[in-house]
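Labels run A, B and C following the written order; every chain starts at residue 1.
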Amino acid sequence: MVGLSVGEKHFIQGGIAQDLRTDGRKRLTYRPISVETGANGSARVKMGKTEVIASVKAELGRPNSSAPDKGKVSIYIDCSPTAAPQYEGRGGEELSMELSAALRQCLLGGKTGAGAGINLSSLSIVDGKVCWDLYIDGLVINIDGNILDALGAAIKAALSNTGIPKVNVASTAPSDEQPEVDVSDEEFLQFDTTAVPVIVTLTKVGRHYIVDATSEEESEMSSAVSVSVNRQGLICGLTKRGGAGLDPSVVLDMISVGKHVSEQLMNKLDSEIAAAEATMEEE
Amino acid sequence: MAAKGGAAPATYSPSPTTFKKKRPPIFTDVDWVRPDGRDFHQCRPAFLRTGAVNAASGSAYAEFGNTKVIVSIFGPRESKKAMMYSDTGRLNCNVTYTTFATPVRGQASSDNKEISSQLHKSLEGAIMLDTFPKTTVDVFALVLESGGCDLPVVISCASLALADAGIMMFDLVAAVSVSCLGKNLVIDPVSEEENYQDGSLMITCLPSRNEVTQLTITGEWSSPKIHEAMELCLDACSKLGKIMRSCLKESASTSQE
Amino acid sequence: MEYVSPEGLRLDGRRPLEMRQLRAELGAVSRADGSAVFEMGNTKVIAAVYGPREVQQRSQQLNDKALIRCEYTMANFSTGDRMRKPKGDRRSTEISLVIRQTMEACILTHLMPRSQIDIFVQVLQADGGTRSACINAATLALADAGIPMRDLVTSCSAGYLNSTALLDLNYVEDSAGGPDVTVGILPKLDKVTLLQMDAKLPMDIFENVMQLATEGCKAVANYIREVLIENTKQLENRRGV
């Protein structure tokens, strides 16, 4: 994707080895993050030059027969061809699919819902009949590395300004019919995002790992591990990219470094989201 | 579906309440017996054979309990004309399920692409792709019956098939997954356990190089638990690696006779 | 339904001959050779231009002029109700074609033989007039990329509802089923490069409506020119000229 000369490659690798990257950052420092929340349930996150938009939409639907007491969440990511010409037509599908799968794994937790950032039971309205379907759409507008972390942050920000309308259920409906529900236009329940984890991707370049890699740095990676960590410091999901094998002890070390970094990112993100919401209210 | 309705009514009417599944209480206890009577840390017996498909350049059949998988390898053969020149080989993975693989017909066919890309990611680190530039190796996996742990079985079976096809690899790829059910870690879970799992951890590794090529975790995990689960998996991987190796030796010695 | 109140106000509070608020920003996508965000009220689009560069597919190469390619995509969340459309549906293909033909007419393609220019337009919010907004964004992005053009193509739509000619229809007015005239012009040369209409209109009214849309295009052109001049000034300042 990025064409680099041998000299440039050495420069990047050498810089990482000396804990001074090409843009002056240390290995475990993020680029400046800016969060902008828009209308109900949407957010734009910029990490350096990487820019993504996430939007959340809730619709009334029927729960699956296999999980009648739970709502449904679907995550779809799209890579806009504006970000890079190779995502034209169906070109972006492979990356979109990989990102969607990774985010699903990092945010939705296990089969029983343990470690899920979004509590599916809270989306249920009438067991087995009506529930909220949450559609999370992500759009990648500009790519300069570390898309997964940016998307994770954007989804967290979008969820935190999502209002789920209050629903009144007519209690008189007989049990075998679809109950009548009345969706309120005025009363909204704020979505609880305290459990939504943040995603930290550690990219291994040479013998060291860095966070928030740019496209140039990513082209030098041997492998990358994305860890999603919640506020309690528990791991909620993990995926690995890049084919090169890692020693198990290195993986464990990367997880613990990721956990450490996630605390800072979580705090940074919370304050950015709060600031973005404050400016929204002022307007 | 209609069979689940219980006493057969005159006309079929779906009533979601009768489907309401309760998590079996046994899974929350500390002492319970696994559906197939294994210990928590005991894998299912593995049956592996190479050379299941004659037309392929290499193939393997794997049976772990009820999970049955066939993988066939075609190539290395010339990459499609439309593809750009590449000085390393390409790997094309495709996983499909038979319609009768699951209890409900055709249920598992939704995320084939995702499984295929996982298979690709776990294999590409093990294959010496630079030994066959400009060419493509096709890996076609068919899950005959899904009985839990499908992906790890597919991966292990695929690496065996690659070896059978004589594709150069750094090592065989062995894959094992662990489910977390309440406080317990169970290795090599069956479908029933997978449906009630709180979390899962899958490792694919190169046993003799002690390298992890792929690792996925879902659910909520603390660091010590990850530690424990990884050790469990790696131990099982090295044992599985030995079984795979002996299977290859066996087939080589019979063909020589 | 009443689209123009007796007081002469439209549903969103505009007068019939009033355009929505315009906003444009250059250089939104850092990796592209040229890019722009263009907003017409609630309609918001991003355009990115890559090129001129080597032709990707040799068979498409043109020996006497540049190859122009265009792709129009809509974000899943751009419309009111969420739809997941497959890429390359009929509507997107048609709009891609319209944008490509319009831009092709103004780019000096003969200056860049055997090369390719890609224009990607992404709709972030759709509230009527996406076609026009996309063309305006593409013009800005092309200018940002420094691609030689005959003139700045601009586009605007106009409609005719409740016996009144309306400038710059929004989504509600657009979906009312009345005539919708989209015009694209080269303002300096005073030439029309794009003219589309659905539904029917008497000839004399059509002339009025088209005249209105053309006026709209000219207003957009003035705004775009201002944005470009402002941008150039900033570039000059940064260089310290």
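Quick note on the criterion: contacts are C-beta pairs under 8 Å (C-beta built on N, C-alpha and C of every residue); 3 or more make two chains touch, one makes a residue touch a chain.
Keep in mind that this is a model prediction, so the values were computed, not measured.
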{"item": "Third chains touching both subunit B and subunit A", "value": "none"}
{"item": "Top chain pair, ranked by number of contacting C-beta pairs", "value": "A-B"}
{"item": "Centroid-based (C-alpha) most distant chain relative to subunit C", "value": "B"}
{"item": "Most centrally placed chain, judged by C-alpha centres", "value": "A"}
{"item": "Distance between chain centroids, defined by C-alpha means - subunit A, subunit B (Å)", "value": "27"}
{"item": "Gap in Å, rounded to a whole number, between the CA centres of subunit C and subunit A", "value": "32"}
{"item": "Rounded Å distance between subunit B and subunit C, as computed from the means of their C-alpha atoms", "value": "51"}
{"item": "Multi-partner residues of subunit C (each touching 2 or more other chains)", "value": "none"}
{"item": "In the complex with subunit A, residue positions of subunit C that touch it", "value": "28-32, 35, 46-48, 50, 69, 71, 73, 75-77, 82, 84, 87-88, 118, 120-122, 124"}
{"item": "Residues of subunit A touching subunit C in the complex", "value": "42, 49, 51, 53, 55, 57, 59, 76, 78, 80-85, 88-90, 93, 135, 137, 139, 141-144"}
{"item": "Subunit A residues within the subunit B interface of the complex", "value": "63, 65-66, 68, 94, 97-98, 101, 105, 109-112, 114-115, 128-129, 175-176, 223, 225, 230, 234-248, 251-252, 255-256, 259"}
{"item": "Subunit A contact footprint on subunit B (complex, rising order)", "value": "13-17, 19-21, 23, 113-114, 117, 121, 124-126, 170, 180, 194-200, 205-206, 209-223, 226-227, 230, 234"}
